[in-house]
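Down below are the structures I want you to see.
In what comes next, subunit A is part of two complexes: it sits with subunit B in the first one and with subunit C in the second one.
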Partner chain A sequence: MKKSEDLIKGAFSPQKKKASLPWSGLVFWLVIALWMVPVAWLILMSVRPSVDILSGFEIIPHRFTFDGYRDFILKEMWYKAYLNSLTYSTLNTIFSVTLALPAAYAFSRFSFAGDKHLFFWLLTNRMAPAAVFLLPFYNMYNAVGLFDKTLGVAIAHMLFNVPLAVWILEGFISGIPRQVDETAAIDGYSLPKFFVKIFLPMIRSGIGVTAFFCFMFSWVELLIARTITSTDAKPISAAMTRTVSSSGTDWTLLSTAGVMTIIPGVLAIWFVRKYIAKGFALGRV
Partner chain B sequence: MSLAAQNLTLINNGEVFLEDISFTAKPGITVLVGPTLSGKTTLMRVLAGLIKPDAGSITVNGIDVGKTSVKDRSVSFVYQQFINYPSLSVYDNIASPLRVHQPRISKEEIADRVTEVAKMLRISELLDRKPSALSGGQQQRVAIARSLARKSDVVLLDEPLANLDFKLREQLRDELQRIFSDASMMVIYSTAEPLEALDMASHTIVMNEGRVQQDGLALEMYSTPKNIPVAQAMSDPPLNLISSSTTSSGSESLGSALKDRFNGPFTVGIRPHNIALQSKGANDIPISGKVRIAENTGGSTYLHLDLVDSQKLVLEFDGSQRFDFGSAITVYLDRSAVFGFDSDSGNTLFSPSAVR
Partner chain C sequence: MKTRNNKAWFLVLPVILVVAFTALLPLMTVANYAIQDVFNPQSRIFVGMKWFYQITNDQLIISAFKRSFQFSIQALLIQIPLGIAIARIMPKSGWRASAALVAVSVPLIIPWNVIGSTWLIFSRSDIGLGGFLLNKLFNFDFTSDPKDGWGLILTVDVWHWTPLVVLLVYAGLRSIPQAYYQAAAIDGASSFAIFRYVELPKLRRVLLIAVLLRFMDSFMIYTEPFVITGGGPGDATTFASILLTNIAVGQFDVGRAGAYSLIFFIVIQIMSFLFYTVLTLQDREEVTKTK
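And then the complex of A and B:
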């Protein structure tokens, strides 16, 4: 992997000396600014009182309030939903990656009956809309007692995330020569020991990218998470759709929830941004 | 101490990869010579235990290792590609087989052994680096150091120098020879280059098409090969093979010029450097052809000739000279350097009287 990266760097380095367009910096910031308008608007809304939000157009607020953030942190309905989402997304990421690692290794290294069909089948799992799975999950979870549990949501999301994780990891694993595995066997490593001590560190960027995608898919998924939960394990995205109260809609609090929901995504991207490029270079992301 | 293979056979999907391979290797270097696809790498993998043979057995020091799993065998392997663990430092790479060794090896001894082999392979200054920060030659040194540190009974080196440039190859080969010559382990060194076998001047096994063709000393096989595949494997640049019916000079054929050696049709084999542009005496056999191409490789020139019956002949001479394409030319075979092979079986009928 290191090699291919160097190769790419080497191949593209002459382009660094391309003549730079005048005003290119300006254009860059202009594009960024345009893209950021909805996000910035959301952030501004979250610090304005609801009355002001509805009263008219203003770019710079004349009054600030942090009631939204206070309510978000103090009201159980909100912080609990937020923690629920964090919990099942994290659980799902751990389960999916742990399960996908040996599977991806097997797909990459061994040939077994039906391996190619099985690998393609993984992809087809993502071809059906989530709505298709609502009824079976609802009914099944009620029967086995997983309804309204964060664990239940984490498991349900594995339906999409395990195939995705296998698909991404297989690309990374196949980038490592088989001779490394053989060398380790000859050196005296058992397969589990080799996997943990030598193999995992080699594909850690792949694991990072995979974990990122699993987390994000689970974090933004609304339909299944809402259907198989009611109160105890309600996700933040569901909480945001139920904000109309007797006193009207609390726009400030709703915007605050929106801002808070973006944060994990921003953090996740910040940590894996280097690896994502590598994943793209390997052609599986 | 010995490594013995008996009747090793490997067949996959009806294709024969190894056929009835038997040999015994003693401590020191055994060179496995053969062209690509001759089965060298497959044999090495079978010896390491990575592939199970369909028939035959492997014994190390008299003990059959056929049922021993790869990780429990006392064997190390160096690939043609420079295979190291990229996430570990050079030190950890070399120490890795020692850390999982049974019975356990103490930390101090691991450190001692790593330092010792690192010094032997002159990579002492690189121990803190990652393999990706090293040059190809250094990476291969690390791989070899790892195989040495373990002090296994069998060391398999699969064309370890093939991916290195000429100068590095020479240097590392000399070092390997020095390191392994007084070692107590059985080292199997595979190569496609006969010069490497001749340079190592040790026990050599020539393989072709999955079979052992000849087993003996390199020089012996160079001067008295058993058959055409061995003669070819031991010749670089490639051996010329022409029919004895080819016209030599006037109406005389090569066969009749050599009838004192063998009477009847056969295949004439001669190495490019045993053919000269000028006659050196009555012992030479003249042969005429047309110039096709002259390749100058710096010190010497390879002249490719077209003979009658679309046969080809290549000769090598020192220096350089201009030739016109298609011009007729007479060259001279050194009679005392000619091989004779049976045209059907390829077995040697006669070898040169003296090594040249």
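And then the complex of A and C:
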């Protein structure tokens, strides 16, 4: 009797720990700690003077400096490149999500001529190797006056972010029962009105997750962004490839820039941490 | 059942226009390059399939593709089991679960070239913690030993992308109803049996997606080897993307790069198609089962 009670109790307490061994939590955090060692080393390097870094190997530095961070914030070359990256990533996120929403809705709710082929064709663009697009992008964006503009990079990154956004959003939208649409239609809502007033609030978390991934993939991309910019819209990642000067690499500044580029992503993921598992659960990333 | 409505095309149209501009038009340009010999914008001659013949016989290019393929397979063999193992011991509830999610995701949100710089700094035998220690242990030097260079890039890829596998598997595990575990507990199933007969079948779909994404992205890897080894030592880490970029942007050899791009693109498309077919086939099987 006692035993079956336990079982019933277990059935209703989802947090109940079973099967997992007591030390597995500890192992997990050990793995994470190990995983973070290179990043910790980067952070450590960013607060050491370049001279010290090169003069001799030491694990615990004997002096610190914040010159790297000061330079990063004060030198136009750096903060401008940083702002450029933020600008095109944000623009790209807005464009991609806005365009993808109606398309994702269409793919989820309607069947139309060629829909399956179209969906596959969109997906293949997520897989397209960036290197393939370098030459034509360079020539095309020059021809239409989008070369070296943050807007240009934002548009170029839609290459992989629009298909991705459609894919993730389609998953979230399909999770909402069709009856919702039908009820709204009976209540006299037109499609656009229903979409904005009722539907968008319902898929809030999906939009959040999609926006996160669009921002992230635009933020981390280097090859395309570097190819279609030169000075005005140069991304932070390209600026970093120029820390090598005649006097060698400025390791402090390179590390500082590295640490700075990690910050937006960490902030973004903190905001969407509750929804992210849901997004992954749909298997759509 | 979905409503049949061809007007839905209007909802998809903006996306199609954008993708046509960002993907289709460039591809057509590439195809155009591929059949010409361009000396300068004014003088170009039609050369037909010349570049394609040349490329399919170019030992440099063939070995770069082989290298990419080998690299992707090795990356998969490490990342998938490791990802499953980590996902299984991840905290499942409370603030610990949130913290774990954020911690695991960190490598995914670092710009790819910064990942390169991070590992470059970490692995150099003069200034890097890892490089210094390994150098003391067995003369590790990724700038001169091809094996070390390859191993380092593989390690970086594992470090960078195993978290994606972890997150996918974690989400897949969370969607398994508690009742399955209870049934297994009643049967007195061992931890391994639970994994083999409860979790693994339920993870099939998620794992397929993980394999697809990981294989493709490893196959196209560019930024990390570009920053860390620059394709070396020798050509040990000259993967397909690196070689293509050298030909296209470095040598500005438009015709050859165009033909190379098309072949690269088609190889990727065929592989995606195979994966996609397996994926949708499985979906269909599940639908017929539940009916």
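Methods note: the second predicted complex is superposed on the first by the 260 of 285 C-alpha atoms of A that agree within 3 Å, B and C clash if a C-alpha of one lies under 4 Å from a C-alpha of the other, contacts with A are read in each partner's own complex, and residues count from 1 in each chain.
What we mean here is this: a residue touches a chain if its C-beta (ideal position, glycine included) is under 8 Å from a C-beta of that chain, and two chains touch if they have at least 3 such contacts.
Keep in mind it's a predicted model, so treat the numbers as computed, not measured.
S.K.: Taking subunit A as the common reference, can subunit B and subunit C both be placed on it without clashing, or not? Answer clash or fit.
M.R.: Once both complexes are aligned on subunit A, subunit B and subunit C fit side by side.
S.K.: A:198 in the overlay: touching subunit B, subunit C, both, or neither? Say first, second, both or neither.
M.R.: Touch partner of A:198: subunit B, not subunit C.
S.K.: Does the superposition put A:232 against subunit B (first), subunit C (second), both, or neither?
M.R.: After superposition on chain A, A:232 lies in contact with neither partner.
S.K.: Going by the contact rule set out at the top, does A:241 touch subunit B (first), subunit C (second), both, or neither?
M.R.: second
S.K.: Counting residues of subunit A touched by each partner, does subunit B or subunit C come out ahead?
M.R.: Between subunit B and subunit C, the winner on subunit A residue contacts is C.
S.K.: Just checking: does A:111 make contact with subunit B only, subunit C only, both, or neither of them? Give me first, second, both or neither.
M.R.: In the superposition, A:111 touches subunit C alone.
S.K.: When the two structures are overlaid on chain A, which partner does A:185 contact: first (subunit B), second (subunit C), both, or neither?
M.R.: first
S.K.: Does subunit B (first) or subunit C (second) touch A:128, or do both, or does neither?
M.R.: second
S.K.: Students often get this wrong, so check: with C-alpha centres, what angle lies at subunit A between subunit B and subunit C, to the nearest 10 degrees?
M.R.: Rounded to the nearest ten degrees, it is 90.
S.K.: Contacts for A:177 in the overlay, against subunit B (first) and subunit C (second): which applies, first, second, both or neither?
M.R.: first
S.K.: Rounded to a whole Å, what is the shortest Cα gap between subunit B and subunit C in the overlaid structures?
M.R.: 10
S.K.: Would you mind listing the overlap between the subunit B footprint and the subunit C footprint on subunit A?
M.R.: On subunit A, no residue contacts both subunit B in one structure and subunit C in the other.
S.K.: What does subunit C use to touch subunit A in their complex?
M.R.: Listed in rising order, the residues are 2-9, 11-12, 14-16, 18-19, 21-23, 25-27, 29-30, 33, 86, 88-94, 96, 98, 100-114, 117-119, 121-122, 126-130, 132, 159, 164, 167-168, 170-172, 174-175, 178-179, 181-182, 184-186, 191, 194, 205-206, 209, 213, 216, 220, 222-223, 227, 240-241, 244-245, 248-249, 254, 257-258, 261-262, 264-265, 268-269, 272-273, 276.
S.K.: Give the list of subunit B residues in touch with subunit A in this complex.
M.R.: Going through subunit B, the ones touching subunit A are 48-50, 70-73, 75-77, 79, 81, 83, 85-88, 96-97, 100-102, 132, 146, 150.
S.K.: Across the complex, what residues on subunit A touch subunit C?
M.R.: 7, 10-11, 14-15, 18-21, 24-25, 27-28, 31-32, 35-39, 41-42, 45, 53-54, 57, 59, 95, 99-100, 102-103, 105-107, 109-113, 115, 118, 120, 122-125, 127-140, 155-156, 158-159, 162-163, 166, 216, 219-223, 227, 236-237, 240-241, 251, 254-255, 257-258, 261-262, 264-266, 268-270, 273-274, 276-281, 283-285
S.K.: Sort out for me which residues of subunit A touch subunit B in the complex.
M.R.: Where subunit A meets subunit B, its residues are 1-3, 177, 179-180, 182-190, 193, 198, 201-202, 204.
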